[in-house]
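In structure tokens below, several structures.
Look at the two complexes coming up: subunit A is in both, with subunit B in one and subunit C in the other.
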Partner chain A sequence: MGILKVDRLAVLLASAALATAPLLFDNTYAIGVLTVALCFGMWSASWDFMSGLTGRENFGHSLFIGAGAYTAGFLNVQFGLSPWWSLAAAPVCAVLFSLVIGIPTLRLKGPYFALAMLSGAAVMQNLTIIFSKYTGGQDGLNGLDPMLDSPLAYYYLVLIFLIVSTIILKVVANSTWGTILRAIRGDEASCQACGINVNFYKIASLMISAAFAGLGGALYAHYQLQVGPDLFAIVLSINIIIMVYVGGLGSIYGPVGGAILLNVLTESLRAFSEYRLWVYTLVLIFILFFMPQGLIAPLWRRIRSFVA
Partner chain B sequence: MTTLLEVYGLNKRFGGLHAVRDVSFTLQTGSITGVLGPNGAGKTTMFNLLTGFIAFDTGTINFDGQPLVRLAPHRIVNRGLARTFQLARPFVGMSVLENVEVACLAPRVRAEGKAASRAQALLDQVGLGEKSHQLVDVLSYGDLRRLEIARALATHPKLLLLDEPFAGLGAAEIQPLADLIRALHRSEGTTILIIEHKLSELMQLVQGVIAMDFGEIVAIGSPPEIVRNPRVVEAYIGKEDFDAPGLAIRGDGVGAT
Partner chain C sequence: MVQILVYGAVISAIYAMLAVGFTLIFGVARILNLAHGSFYALGAYGVYTFTAVAHLPLWLASVLAVLFVAVFGMAMERVLVRPLRRSMLAVLLITLAVALMVEQVLLLVFGSEARNVPSMVNATYHFAGVDISAQRLLALLGGILILTGLWLFMQRTRLGSAILAISQDAEAAQYMGIPSDRIYSIVMGLSAGIAAAAGVLVAPFQTVIPGMGLLPLVKAFAIVVVGGLGSIPGSIVGALLLGYTETIIAFKISIEWSQIVSVAAVLITLILRPAGFFGKRAAF
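Coming up: the complex of A and B.
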């Protein structure tokens, strides 16, 4: 079997597994957990596309998620637009935020981009509280309309978006674009000496990353039917970074697996009640200590070299 | 012969240090010229000014009939002025082939064919063809130099600036690399400007030499003229070993980092 055939088969198998998963549990709670896991998958893959490939760490991915989710909230709750509009408007809004942060900071060397993302998310979290008249403050915006009435149907909608997004990001990452982004990670000055407009590629890849994060934010908002300031929280950004590292940095599909794995793990550790965070942290330390390259992507590479 | 590069009154200060002072020279199309000078003479700074990595204070640079005014480094490369670095700067974590592919994606040469096949041809040309699928991380120092040259050639430069291509190389690696540079100059007609400490290698390779000291050009001339020039001799004596007689001034270890 050729490499490509193996990869296509893996995409089919993974998609089939995710499509059957909610049928095994058949209760609304489990379907909800899985829907959230898929949203995290989109956020992790989009983080990986920019930061995993170029090596410019983004510590405020929640800025794009929150921007997308609040766009959905505003359009649906304040302006009464159909929830389907969110799917187009949320990515656009997130991309605008990526330009505001990316254009001034990605040209500079040093930690400015990472810090600007971190503080951008923190500022937005506070602004949602300050302008509580419009944003609902701590309570956020409530009463968003669901896109589809059945939770199971909505799960499948999110799944389709996740699969298509992951394939798009992976195809671009495997193209000459990805080669240039990885070269930027290697050495920016050398990249310029190769005649590559480094700033253009960094800003454009952040825009792509933001678009998919914002889309994931809107999908999440129409699952929760509520958006709140916590969507801008730093802890959300940090969790996404952890999921990317557990999945395998720079592989796009690995972070999706990492996100689903850690979300499901969190749920299945409920049996440990108050020791849950302990166990979760121990598992994380174990994975990152013994598998610094991550779990999902290196595992798949090994299986693939065995099969192909 | 036409003039390819014209530098007039180039100046750069870093605080109190006048790193490049009133540098003026011209390069003819198809020439191969050396830049000679002790450490700190401003040679690499001059390269950085020419290639846009550092902005110059005053002066003019005309390249291929057009002025280079505050252009970003990648734009200068796409005008046809490429460089290598004193310290090889590969894209770590990528294969040798991918390293050259990146340069094949520069807008100037993007339309010239598939990046991968062009990159492979360039690697064959510099003698790295068989190592194209290795990670750059395992290449020897000499191979990294060849990789840098392949990357620079990928952008089809009219003028190629080589910053100490022989630094850190053993005697066995120097001769083949010098042969490669000579062959590139002959077959492609690329105009070449080389910074080099190793005087004997430089003198065999170049037609003309620009000698620098303390940021200034102290002499321009043919290799035999330069080694007899009292200001050049003065600049070298007391700073580096001066091997008896003639050409063999040694700079080993001085600029070899």
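Coming up: the complex of A and C.
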């Protein structure tokens, strides 16, 4: 079998496995856990598209997630619009945030982008608490309408969004566009010398990354039916980075697997779920020291070379 | 007016202590230390533990807390950061992991409720119609003393010259026989100690909670960007600028809007003058 065929087969198998997973457990709690895992999958894949490919690490992905989720919350709770509108509005709002941070900082070398994203997210979290008149403060906005009545149907909706967006991101990452992004990671100066508008590519890929993160945020908001300041938390960004590292940097599909694996793992070891952050930090330290390539993407490459 | 002047000075002194350590370890070792806020939190919790649990006198508790955090910083540099130094991203992530661990440990040991640390001096001064607690003045004085001490140390001692040499050209300094690894360790200890001293000084009038390190990290970053990454005078000027802007906005407009100052300052500086006001190296 050719490599392309194996890949397609794997996408089908993985989608089928995710589609049957909730049927095996058949209780709302398990379906909820899986829905959250899918949202994390979307966030990890979108983080990886920008940061994994170009090597400009983003330490505040939760800024886009929170922006998307709060957009959904405002439109639905304050203005009473149908939840479906937020699917269109949330990515737009997240992209606006990405422009505010991206345009000044992505032109620069050094750690400015990483730190500006970190502070942007931290300050937004504070602002949501301070302007509690509009945002509900620590409690956030409550009482969002569900998009679909049955949790199982909503799980499938999120699954479709996840599969479609992962395929889109992966196809773009494999195209000339993705090659250019990888070249930027390798040597920015040479790319510029070849006449590539480096800044345009970096900012545009941050916009794409933000759009999918915002979409994931809106989907998450309409599952939780509540949005709160925790969606801007640094911890959320860090969890996503850890999931990407477990999956394998720069592979897009790996981070999705890493997100689902870590979410399901910490949830199934119920005794540990209180120490979730501990588990994640220890996993991060272990990966950094012993498996810098990650777990899922290298594993899949090995299986593929065995099959194909 | 007097209130703005004094409060701004106190805040600036605290910010300067945080930013100087942050910029020092970056300028010398190229380590962007996201655990810098944890040193501040550990300093505050250290003085709390040594006074409330071990019942030591306050001055001894303060000294012990600062020493403890300095040793903690050196251990972190030696065990976790040094093996990963070849990759900037790995260093960022490992310091972030340390920051998360510290917050979790504090949460586990002390719980999420705020802790009270007794004031070192209880008097309240009254002049020009405003009350100013002596603890705030002590924080201001402590900040000035520590920063002057640091300046003298860097300018007048052999070790200080070695640190400056490494920050100018690490490779050349190594050829001259300066042990760069040991210097990195010392600078990390120094930077951690100064951050802890800031934590110790503000502990009596700040809420001491496990997550208290995050905002100071954001502020330190903003100051360092405004002043120029790696420049010590720049970070002191940046601290004054940010400290007074925040205080003025907090008094004249509202305390809410003062939160935005740091991020706005970062974005404006990066657009107008990316190297910062005192940065030698262009950031492009």
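Convention: the second predicted complex is superposed on the first by the 288 of 308 C-alpha atoms of A that agree within 3 Å, B and C clash if a C-alpha of one lies under 4 Å from a C-alpha of the other, contacts with A are read in each partner's own complex, and residues count from 1 in each chain.
Here is the rule we go by: a contact is a pair of C-beta atoms (placed from the backbone, for glycine too) under 8 Å apart; a residue touches a chain by one contact, two chains touch by 3 or more.
Keep in mind the model is a prediction, meaning the values are calculated, not measured.
When both complexes are overlaid on chain A, the residue A:L277 reaches subunit C alone and has no touch with subunit B. In the superposition on chain A, A:F289 contacts subunit C only, with no contact to subunit B. When both complexes are overlaid on chain A, the residue A:L4 reaches neither subunit B nor subunit C. Within the superposed three-chain model, A:L23 lies out of touch with both subunit B and subunit C [touch as defined at top].
Look at A:T176: by the touch rule set out above, it reaches subunit B but stays clear of subunit C. Shared-chain residue A:R185: touches subunit B; no touch with subunit C.
Of the two partner chains placed by the overlay, only subunit B lies in contact with A:C194; subunit C stays clear of it. Only residues 55, 57, 59, 100-101, 104-105, 107-112, 114-116, 118-120, 122-123, 126-127, 130-131, 234-235, 238, 241, 245, 277-278, 281, 284-285, 288-289, 292 of subunit A touch subunit C when the two sit together in their complex. Of all residues in subunit C, those touching subunit A in their complex are 32, 34, 80, 83-84, 88-90, 92-94, 96-97, 100-101, 104, 214-215, 218, 221-222, 225, 229, 256, 259-260, 262-263, 266-267, 270-271, 274, 283-284.
Partner subunit A is touched in their complex by these residues of subunit B: 51, 53, 72-74, 77-78, 82-85, 89-94, 98-99, 101-103, 105-109, 115, 151-152, 154-155.
Contacts from subunit A toward subunit B in the complex involve residues 176, 179-180, 182-183, 185-187, 189-198.
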